[in-house]
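What follows is a group of structures, each given as structure tokens.
Presented sequentially are two complexes of chain A, the first with chain B as partner and the second with chain C.
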Partner chain A sequence: MAYDYQAVHALDGMIGAIAERRANHLSVHRTMAIAMVLAGPGQTAEAAGILVSNGEFEARFSGPGEWLVLSQVHAPETLAAELSVRLGGFAFVVDQSHGRVVLTLSGPDAARILANGIAVDLHADAFPVGRAANVLCNHLSLNLVRTGDQSFDLVVMRSFAGALVDDLKVMARSHDLSVDFATR
Partner chain B sequence: MSAFRLASGGLVDRSHTLRFTFDGASLTGHAGDTLASALLANDRLLLGRSFKYHRPRGIMTAGPSEPNGLVTVGSGARRDPNTKATVAELYDGLEARSQNRWPSLAYDIGAVNNLMSRFLSAGFYYKTFMWPAAFWEKVYEPLIRRAAGLGRTDLPRDPDAYEKSWAHCDLLVVGAGPAGLAAALVAARSGLRVILAEQDFVLGGALLSETAPVGGEPPYVFARRVVEELQNSPNVTLMPRTTVFGWYDDNVFGALERVQKDVAALDAAKPVERLWRIVAKHAILATGAEERPLVFGGNDRPGIMTASAVSTYANRFGVAAGKSVAIFTNGSSGYRTAQDLAARGVEIAVLIDSRAASGDVAPDGVRLVRGGSIVDTKGRQRVRAVVADRGGFEELIGCDAVAMSGGWSPVIHLACQRGGKPVWSEALQAFMAPEAGPALVTAGAAAGHYRLSECFDDGARKASAIVEAIGRQAVGIERPVIGEETDPSFTALWHVPGAKSKAFVDFQNDVHTGDLGLAVREGFGHVEHAKRYTTGGMATDQGKLGNINAIGILAGMRGVSPAEVGTTTFRPFYTPVSFGALAGTSVDGHAMPIRRSPLHGWAARNGAVFIDAGLWYRSSWFPKAGEKTWRESVDREVRTVRENAGLCDVSTLGKIEVFGPDAAEFLSRLYCNPVLKLPVGKARYGLMLREDGMVYDDGTVSRLGEDHFFVTTTTALAGGVLSHMEFAAQVLWPDLRVRFLSVSDQWAQMSIAGPKARAILQAVVEDDISNAAFPFLAARAVRLKGNLKARLFRISFSGELAYELAVPAGYGEAVADALMRAGAPHGICAYGVETLNVLRLEKGHVTHAELDGRVTPDDAGLGRMMGTSKPDFIGKRLSARFGLTAADRAQLVGLKVLEPEKDIRAGAHLLKDGAKPSTLNDQGWVSSACFSPTLGGHIALAFLKSGRERYGEKIVVWDQLRGVETFAEVCDPVFVDRENTKLMA
Partner chain C sequence: MASLISCPHCGTRPKEEFFIRGDANPVRPAPMATDEAWNDYVHLRVNPRGRIREHWQHVAGCRRWLVVERDNFTHEVFAVTDAAKAGEGAR
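Up next is the complex of A and B:
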């Protein structure tokens, strides 16, 4: 018997192919290495120093002494181990590559669409590029980060990904939105 | 004919005609009309019947405080009752109907109530419908509901879409009149993020109906110029058609935007209404002032309006309220209306001033009566004449409209919604907004500055102060030169003595002066009591027009100042908000999010029937061809697991990783059983108590490393346990060095149970999982063939040899498929939560059906787990309290049904054999029940008084809901494999 496991994405079968991208677009990342880093007691500053975002990975605020680290360089299987080594005794690292789904919402109306479910002020002055927050989007919790003037990443628990995409479609009802899987 | 469209004037677009219907009659209006102005232009004065007496009523105002001009707009499921005609924007194809009349508006049978009014006084319901008590629900209430009330709602589903949005700003300006525009302009030029919200569909407020030139041009032109500048400012958001209805904590405002209430054909891409939550650093209420009606006999007849409304209809809409208008005023506003009408060539029948003297000058040729009043009006469905009184001399004066002005009240509703009480101003004879702190100020007429120039100055000044408070440089504006201004001074006149007929105070709820007198006489003179007793201020308009007069009248009757009477409590909403808007998009599938297991696709492919379990969709059972009932499927699944093996999705269990040097100590205090000495690589059942000693949740604790644990919770309390842990870590024991994190979504977890579980699993797992290498309660990382990392736990809920295998969620389906393939030769089946339930019930394992918050560990038969030697754990202290240790507490037992054809159900109660079926004889209850294919009969878990001493006793299971009594035998709750030989095999 051959054991070659194919990973299934939480949104497989829920997102159809699209002919073209619309003005606003929701891109679902198929694979992403994700880890949660919890600074050891009293070691937040040390862990933060090591977690400065670079080309390899990006550390996003997820709570006091907690970071959501994403990487497209490292594989889901190796990111957590890699971070553990680098952080040494300063933090605990937990793989969440399968526990979270990453969506990128971009377009001129991105902030306006999100304002239909998220209470945080998304004006560029108040929520600049790189700022991250754990927010409530209607009924769902997610980690939101501004990745550009007109683009945001939404990181949501896997089991809620379908519900979030359904919600985003309704939130974007008055705005031209397309949804598909990211090409890379 | 009386009301009519003037030949010229107004801001309506006369080149653009709109068709609409009222009670089926086809009428026309113009773009820029409200429904009210268009109805007036068509001389439709009678719009509805009043709430209680069914008196004919017409339009009274030109704005959102309208008490009478309520109509139903639209039809079918889109029917919108109680729409204020004075706010509704006219559109082509609008269908409006009158309300609270039968059989027709003109001939209404309910009007007999008016003749019976001496029997329908205030407090009438309380006094009359007290007895017999049983009559209230069946007879009185339905009758009253049919006779009283206004618009009716429909049951069909609302087909419209709604939306809820958040907005943020430095300054929210409520109201786009002169003060609001000036404030917004200063803030905009100073670079603040500004939101200007206005309930009207045109921005400008009083400037739209004002005639004095502003900056040398008509005021509406000036307003348009300012709006244009604001529109072009990127830092300004204009929100027309948006009513700010509530002021909440943290300076959050609720506002309702009517997105598509002005069109017949809806754009499906847009919501009909949008509910805004506006988070404002500062807010300026520039909500203007409301003109008071005068309380005189017959003051409710169609054709009687506030003077400012008469002016607005003439100036803004080019509509004359009548051909011959009588004006009754207690201040200068009546004179201004006289000027407005005279300027447009409308005849003024008489101008009656309640004051004996004033500096106000009536237009040339207008008959002025000083020190006079109106004591009655004549006419049936519209006013035909007024009975004027001066010094006891009565005179009938013909007219077809009456403009009344009782002075002005600042609109301060929002400023009082968070507990602040309005403050009486003797100088202004009005209630003013309380000091609400720097985050909310009133400006312009809302702050008692009534003159146009004062409004501009006040708005600009207050905005400048806010700009500076925010730390920016305020850019001032130059106030335009304003033409001749009116100073609307007045002498309060709460009610007009000598009324010859009912003088209404609250028009919408038909409360008149006599009702208030009765309230005072009967001891309900306190303003909050009088409100409830008379229902004054309790209608949909919430007394916007009438409350102030009611307070003045109560003050007069009690011989005190209005300051002493005070106001009733202000609460959101300022105007009614539809339920649709409040729900927003959270309807149907969006009312609660659906949560899908990583094995959902696998279960669906295997034919699962799903069931809602909280937010989760869980596989309930897996029917095979030929199985007609769920029981057939479940019985087969149970037998298969007991004889061969089964695979069940348990991914929905809460999963939490716990780290840190004090992780063991932390968990030891969290669970009631010992955890500290749990060896690495081992799992243990864990029981958590609440502080009160009752069981909170159960699950497993596995030690993956010296400082690393993995705990599971029940599906239902996954979130609750995490919060509980956060509380314990942050509040109870901040000194413990521990960190934890939910990994519920990272892992797909499946239970493989049955005597052949090991053989099947070994085909997939690389590591040795023989009984010696991986004994009962082993827990550690393993590698699957194909090089996939996984975690394996040898734990059992079914009582069989069983494992729980966890793999990264994305691989869940592939691994489940592999296990099903490997298990096929062994006869494996997929099983769902129904079978899971039967299996655990046969084994006597508890779930939240048993652990329902009233149960101690000892009640559930788990008393031996309590780590009584531990220094402390949550629930330890209160577990020892009297009552929790009593010998006659209900204890977990098993029940075997003694009558083969009968089943028992959870919720049934237990009685001694021979006892009368009554809760007085209650001995306990059934917590869960099922048919056991293994035992071939119905069994149950139950809680029975001193149950463990009563094994073998025959008792009665009393199901009062079904009216059934069934004999059962009390037994040990573990029905299968009491010696755990299967578990350990």
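Up next is the complex of A and C:
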């Protein structure tokens, strides 16, 4: 029996009804190639070297010897296989493209909004551009990375995406925030 | 309760990010050890006041197991080490 599978975004129907852009904007990416990479025992340096030397991958620190790898170059269907080939026996790769949702929060109050729920110092000196960390946002664990002076990427488990967007709206209540999909 | 824990991998984080397993001192007996040894290991715990060693897991961060040395009376945290590193000396 053949099935027709249809990719439905975790936030379809919850956001995107109003296309508007305020001072601070939360942009939800529709598709993103994501994989989790865990280096083999004692092979952290080798795996990190392969990930860093390649401009096609963006490796975000998740834990010691563990990275969340995103790619703008590879498709969600091929990233995990590509990483497995490149990393060989140095690391284990698990595809997360449909398991996680990527959100970009940008605007002059981005750090202030996040500070309402995240207990990590987000000052540019303490959390510079490119720094990534797994953090607790209210009750949700997510991967946070600073992509610019005024922009952050949040990667959250798919089933928590709705709760996270609701939380962010509450956290941004005293700031001007709009929420929409990155592509319509 | 000590409220700020300096995770060796993630930096200073609030205690809400962690799960606390308990005393880090009991050493698992050999599989065929006496029932008394297993009973002690599974059920008996000392209840000290002062400096203690505990296993904490950074569930909302790096998800690593840590050994936190803290004072349960003054809430002072003395040391936080990765459990894999802390265990190397004991093994």
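FYI, the second predicted complex is superposed on the first by the 175 of 184 C-alpha atoms of A that agree within 3 Å, B and C clash if a C-alpha of one lies under 4 Å from a C-alpha of the other, contacts with A are read in each partner's own complex, and residues count from 1 in each chain.
We adopt the following convention: contacts are C-beta pairs under 8 Å (C-beta built on N, C-alpha and C of every residue); 3 or more make two chains touch, one makes a residue touch a chain.
The structure displayed is predicted, hence computed values, not measured ones.
By the touch criterion defined above, A:159 lies against chain B but remains apart from chain C after alignment on the C-alpha atoms of chain A.
Applying the stated contact rule after C-alpha superposition, one finds that A:100 touches chain B and leaves chain C untouched. Once the two complexes are overlaid on the shared chain, A:119 sits against chain B and chain C alike. After overlaying the two complexes on the shared chain, residue contacts for A:133 are found with chain C alone; chain B is out of touch. Touching more residues of chain A than its counterpart among chain B and chain C is B. In the superposed model, A:72 lies in contact with neither chain B nor chain C.
Residue overlap on chain A between its contacts with chain B in one complex and with chain C in the other: 66, 119-120.
Chain C meets chain A in the complex at residues 9-11, 13-14, 16-17, 59-64, 82.
Taken together, the chain B residues at the contact with chain A in this complex read 161, 163-168, 193, 269-271, 277, 279, 585-586, 589-590, 592-598, 601, 616, 657, 659-660, 708, 737-741, 743-747, 763-764, 784-786, 788-789, 808-815, 818, 821-822. Interface residues of chain A facing chain C in the complex, by the touch rule stated above, are 62-64, 66, 119-120, 133-136, 141. Put simply, chain A touches chain B in their complex at residues 1-10, 12-13, 36, 38-41, 65-66, 76-77, 92, 94-100, 115-121, 123, 126, 138-140, 157-160, 162-164, 166-167, 170-171, 173-174.
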